[in-house]
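Both complexes shown next keep chain A, but they swap its partner, so chain B is in the first and chain C is in the second.
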Partner chain A sequence: MAGAGGGGNDVQWCFSQVKGAIDDDVAEADIISTVEFNHSGELLATGDKGGRVVIFQQELESKNQPQCRGEYNVYSTFQSHEPEFDYLKSLEIEEKINKIRWLPQKNAAQFLLSTNDKTIKLWKISERDKRPEGYNLKEEDGRYRDPTTVTTLRVPVFQPMDLMVEASPRRVFANAHTYHINSISVNSDCETYLSADDLRINLWNLEITDRSFNIVDIKPVNMEELTEVITAAEFHPNQCNTFVYSSSKGTIRLCDMRASALCDQHSKLFEEPEDPSNRSFFSEIISSISDVKFSHSGRYMMTRDYLSVKIWDLNMESRPVETYQVHEYLRSKLCSLYENDCIFDKFECCWNGNDSVVMTGSYNNFFRMFDRGYRQDVTLEASRESSKPRSVLKPRKVCTGGKRKKDEISVDSLDFNKKILHTAWHPQDNIIAVATTNNLYIFQDKL
Partner chain B sequence: MINTMECAVDAQSLISISLRKIHNSRTQRGGIKLHKNLLVSYVLRNARQVYMNEKYAEIYRMQQYEEVMTVCNEIQELNPLDLAEDCEEQSGDCCGNDGVSEPASLCCALLPVSHLTAVQSAHIQAPSACSAPLSLQSDEVCKETEPSFYRSCCAEAYPVSNCDFSTVNNNLHCNKTTVLDLDTHVVTTVENGYLHQDCCASFQQCCQGAQSPAKKRKVDFEYYISDIEEVPDFTPCKRAKFEDCSYANSEHLDTSNISNLISIFGSGFSGLVSRQADFEQALNGQFCSKQALASLGAWTRAIVAF
Partner chain C sequence: MSEEIEGTRPAIGEASHEEQQEMGDTVLSPEKAEEVKLKARFPHLGAKPGGSDLLRKRLQKGQKFFDSGDYNMAKAKVKNKQQLPAVTPAEKAEITGDHIPTPQDIPQRKPSIVASKLAG
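On to the complex of A and B.
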């Protein structure tokens, strides 16, 4: 079932679950800022603006309903980051979780990295379903017994208890970034990871918190000469020496850490020449890349800029191999989108398990899927109205001009406050997690 | 909600919106966002470029009209019967269509600008909605050539207060001397002894760069007019024609070397005499350097000698 059929006509997506408050009054702290499946897909983590991490776990498929995949229920909730104050610079540091990345599982416990603007933390999530009982010197509630009352000895035994999930911070990686962290990425060697801010990328060892290596530094000598910033970075899924980082100028640089200690010189530069007929006041803004993701195979990478998704073959630097327009009808609205700041929204993108379909979000709680093989695309909506269990999502269409057909929505009716910035695809199955402002929707394909 | 009618990209309003965003970002929680401010500064740069190009095109058109009228008036004083028609023809040839074609901008550089200051003080308000796409094209060329951050020259003379511009990443200062190398299209700005260099796209931009030296040439022209009385044969109208002829007929000149010619003129009479040396200098050097233009006799002597 691994992504078979992909998007388009082959797969019908059904509503499965929605998490989060129903009321329209959205508390800012509840705004979801990142979504990530773990490597098996059993766990789904979300981070929010309030610095909290919520982890959902998929239930085992029940025997009663073999046609349904297991539901995702809350597994653990913890406060990852708190607001901080940098006294030296008189700056408040937001507690918003920018990214969560899972480590590959090595033992019974789960590990994830979560980061805000300045600090990365390694969290251990472990289960406890047994507890020792029958201590000689302690009462059951923990109080120490008077030793003189002890007349017999017994061996404490483990008794089952209600499952308790504990999250504990194992490492705190702090004070390494002057600018705002936008990405973290775990290396395939499972020993190191990178963290990227606007101007620098650092390499860490997961065990060592007091030292990190700077591997990319694009800060100019004179900050007045600054022309671009780093917007995203990721390690190659298979080659532990390779990583890419994207820039606000729409370029992607692939670096090889074997070449030199400081990877300011790229090994490859991926850039598509700008179409001069599309030049506008906002050309620089809409060409800024907001997300970069390697395919699972490692052969391709995908980038998201404001209006499109591009697939690049790592072997070809001159242009992408595929370009998909997400919401081209917004090109004529850029001025208004600039005024209301929507043009600065950073949309993410993701691959399905077998790299045949890519997905990204849009406005009005729409999200788009592009099937690379069948050359089909579909627009779906995450809304409470289409939230009946197992109801099939109806494809949506935006009317770009002329006469609006029935069931189409016109560009001017789109709600630009309802944006889907974060989406995630289960690594094996056709299960997707789509984050609206403060709700998490889970959809799966119709079995 | 987005307006149905997309705004007709008013450069001035974009500038004010951008400045407001930059100002607001300073009080935002979490500190100044470098990425967002960088992008806003790009919009600010683009909008200012369009605004200034539109302004300059407006000024140029007015200047062109007034120059023609001035010349014709003078001709009428000298020889009202014969040369009035000639003058109109020549100004039509010389100054091209609407001030944005290549030879026209050269002409702009060469024409005296006696009324420029008058025009400036007239406080031109809203820029006319013209060369916006053109300016953006030049901006696009700019993007391709120079990776370093573009900073437009800030002309002193515009009534708009450029001194109000202050951005995180973009220093927009007043009181700069701006020179344009038409060969390399590099705008060199000298500010408090600190040199800035920009790429500058095309000949359309040269008008912008030519503005401060043009201001100086006003003085030259006045000197030149007094020469006219002394040398009755050498009329302003014939001067215009001369310029055309010099470009067309001289075997030393072709279109690509016209910029060099201007550089030579700008660097003074000695440039004409030792033309070889100055060619190299013009290629690397600066168009209409302040010192050269300060020498009043340069223009007239150069032209007469030719």
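On to the complex of A and C.
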């Protein structure tokens, strides 16, 4: 069946580009840890375990090939974070970029927030395509002229030069998190943002780095009583007073900053009731929410737990309005997935531009799309084998038991080292970025 | 917060009542079957998986290096058990000083920073 896509059930996904090394020997630093489109979709940022950020820019559509959307090419790359050492605790602080969030564009420059476990940085990415030439007191190479040799004056003029993209750190927001930062989210007011770690959420002003307000604190007085941690947090897309945070126990709390300075008391608690007879050792682990994302409309939010994606209506706390099974066949493999730690993998999820389709990753470099309107889902694969330009991706199917049909893959043949944890969807078009361990795939719908 | 009962008996699965009577056996849901497998391999596994131990391990992420302060504190603790506050087994595991590092334990030096292959 053809792929799921917004606006119709006839979207076919085609390979567009792949970035990264082909060789199988993956250096740890090259592991992609976050992928994010900016608000226009023109820029695509990736962060990796080595603390580096690479930004791709979409080329303007070529007049020769109106059937193709512009390709994404490298625009800027920089070292965002470096490894650090916490001397007090004798602990290493990883430089891995956990999250990147773009600020809405206000002027010619682009701004993004990138964070590792402990420190958030605001980066300014600006273009320089002209430079002043014709100084009176300086030669073109920068050497100073002897003023006595100057006989006439001229006005320096701007001359075009090869485009140079510069990234500079404008703010460093440090020392506010005892635990590991898992989320950052820019407020719709464009002035503040939140950062969340395992036990606390802080509110920052983008201009102020030496002060941060704690808005959620779930640390128990006695750490022995710790039962759940914060796994993700996000601001509402248009209500600047509202944010949500998810927990390792499968609950989501919605908080209103107008209610009190410290939002330990939630305004809403979203939790699906569990059948106690179905409870097992794994229940709590697989219910842990690894990602929470508001819909663009702000009416819904989506959560990702180990086996499913759930859509919640903000007006209904009792249960999700939609539940999609990502890879239910793994339920009978939980024992081995616990032993190899895969059960703790944190998958992300994303919405398409008009909130009609949601996407998330799985194992074996598979990723899944669920069309909410047409009630269709599809499994696609990000692999070098199906990477001929504009070749249509063939839907994949996992065989759960019995006779394996041709082209199906059995559960036991799945490669659990090939996980797609990070995916992103262009804010307007059907262009998606899918990160395998060390490669970035870009797929587009067939125009 | 619900409590896990130690040594839970297998629950009845989705099979219909007639099927169960025919088989004369209890049917486990796939999840419960996996739990039985896990308990067979790790009999000492605690009944509360989401409890403090797992979360504490999660909070304590990152490479811990040898700390001479911790090491000397641990040595002193062995001598003067009464003077220092009681240390729980979980906390003990986190103290660097108890374990004397050997060359094999010392982590590999991180390679020099190079450009990302995505930008290549």
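Please note the rule applied: the second predicted complex is superposed on the first by the 436 of 447 C-alpha atoms of A that agree within 3 Å, B and C clash if a C-alpha of one lies under 4 Å from a C-alpha of the other, contacts with A are read in each partner's own complex, and residues count from 1 in each chain.
Keep in mind that, in the parts below, a contact is a pair of C-beta atoms (placed from the backbone, for glycine too) under 8 Å apart; a residue touches a chain by one contact, two chains touch by 3 or more.
Small disclaimer: the values here were computed from a predicted structure and weren't measured.
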Joint occupancy of chain A by chain B and chain C, clash or fit: clash
Touching partner for A:Arg52 - first (chain B), second (chain C), both, neither: second
Touched partner set for A:Ile285, first chain B, second chain C, both or neither: both
Partner chain in contact with A:Ser260 - chain B first, chain C second, else both or neither: neither
Chain B versus chain C, judged by how many residues of chain A each one touches: C
Contacts of A:Glu92 with chain B and chain C, given as first, second, both or neither: both
Contacts of A:Phe416 with chain B and chain C, given as first, second, both or neither: first
First (chain B), second (chain C), both or neither touched by A:Met223: both
Against chain C, colliding segment of chain B, chosen among 61-69, 115-123 or 133-141: 133-141
Chain A positions touched by chain B in one structure and by chain C in the second: 89, 91-94, 117, 179-180, 198-199, 223-229, 248, 276, 279-285, 288, 332-333, 335, 338-339
Of chain A, residues touching chain C in the complex: 19-21, 27, 29-30, 32, 46, 48, 50-52, 54, 74, 77, 79, 82-83, 85, 89-94, 117, 179-180, 198-199, 223-229, 248-249, 276-285, 288, 331-335, 338-339, 438, 440
In the complex with chain B, residue positions of chain A that touch it: 89, 91-94, 96, 117, 179-180, 182, 198-199, 223-229, 231, 248, 274, 276, 279-285, 288, 332-333, 335-339, 341, 344, 411-414, 416
Contact footprint of chain A on chain B as seen in their complex: 1-4, 6-7, 9, 11, 14, 17, 21, 29-31, 33-36, 38-39, 42-43, 46-47, 50, 136-137, 139-140, 143, 147-149, 169-171
Chain A-touching residues of chain C, taken from the complex the two chains share: 1-2, 4, 11-12, 29-35, 37-39, 41, 45, 47, 49-52, 54-56, 58-59, 61-67, 70, 88, 96, 107, 110-111, 113-120
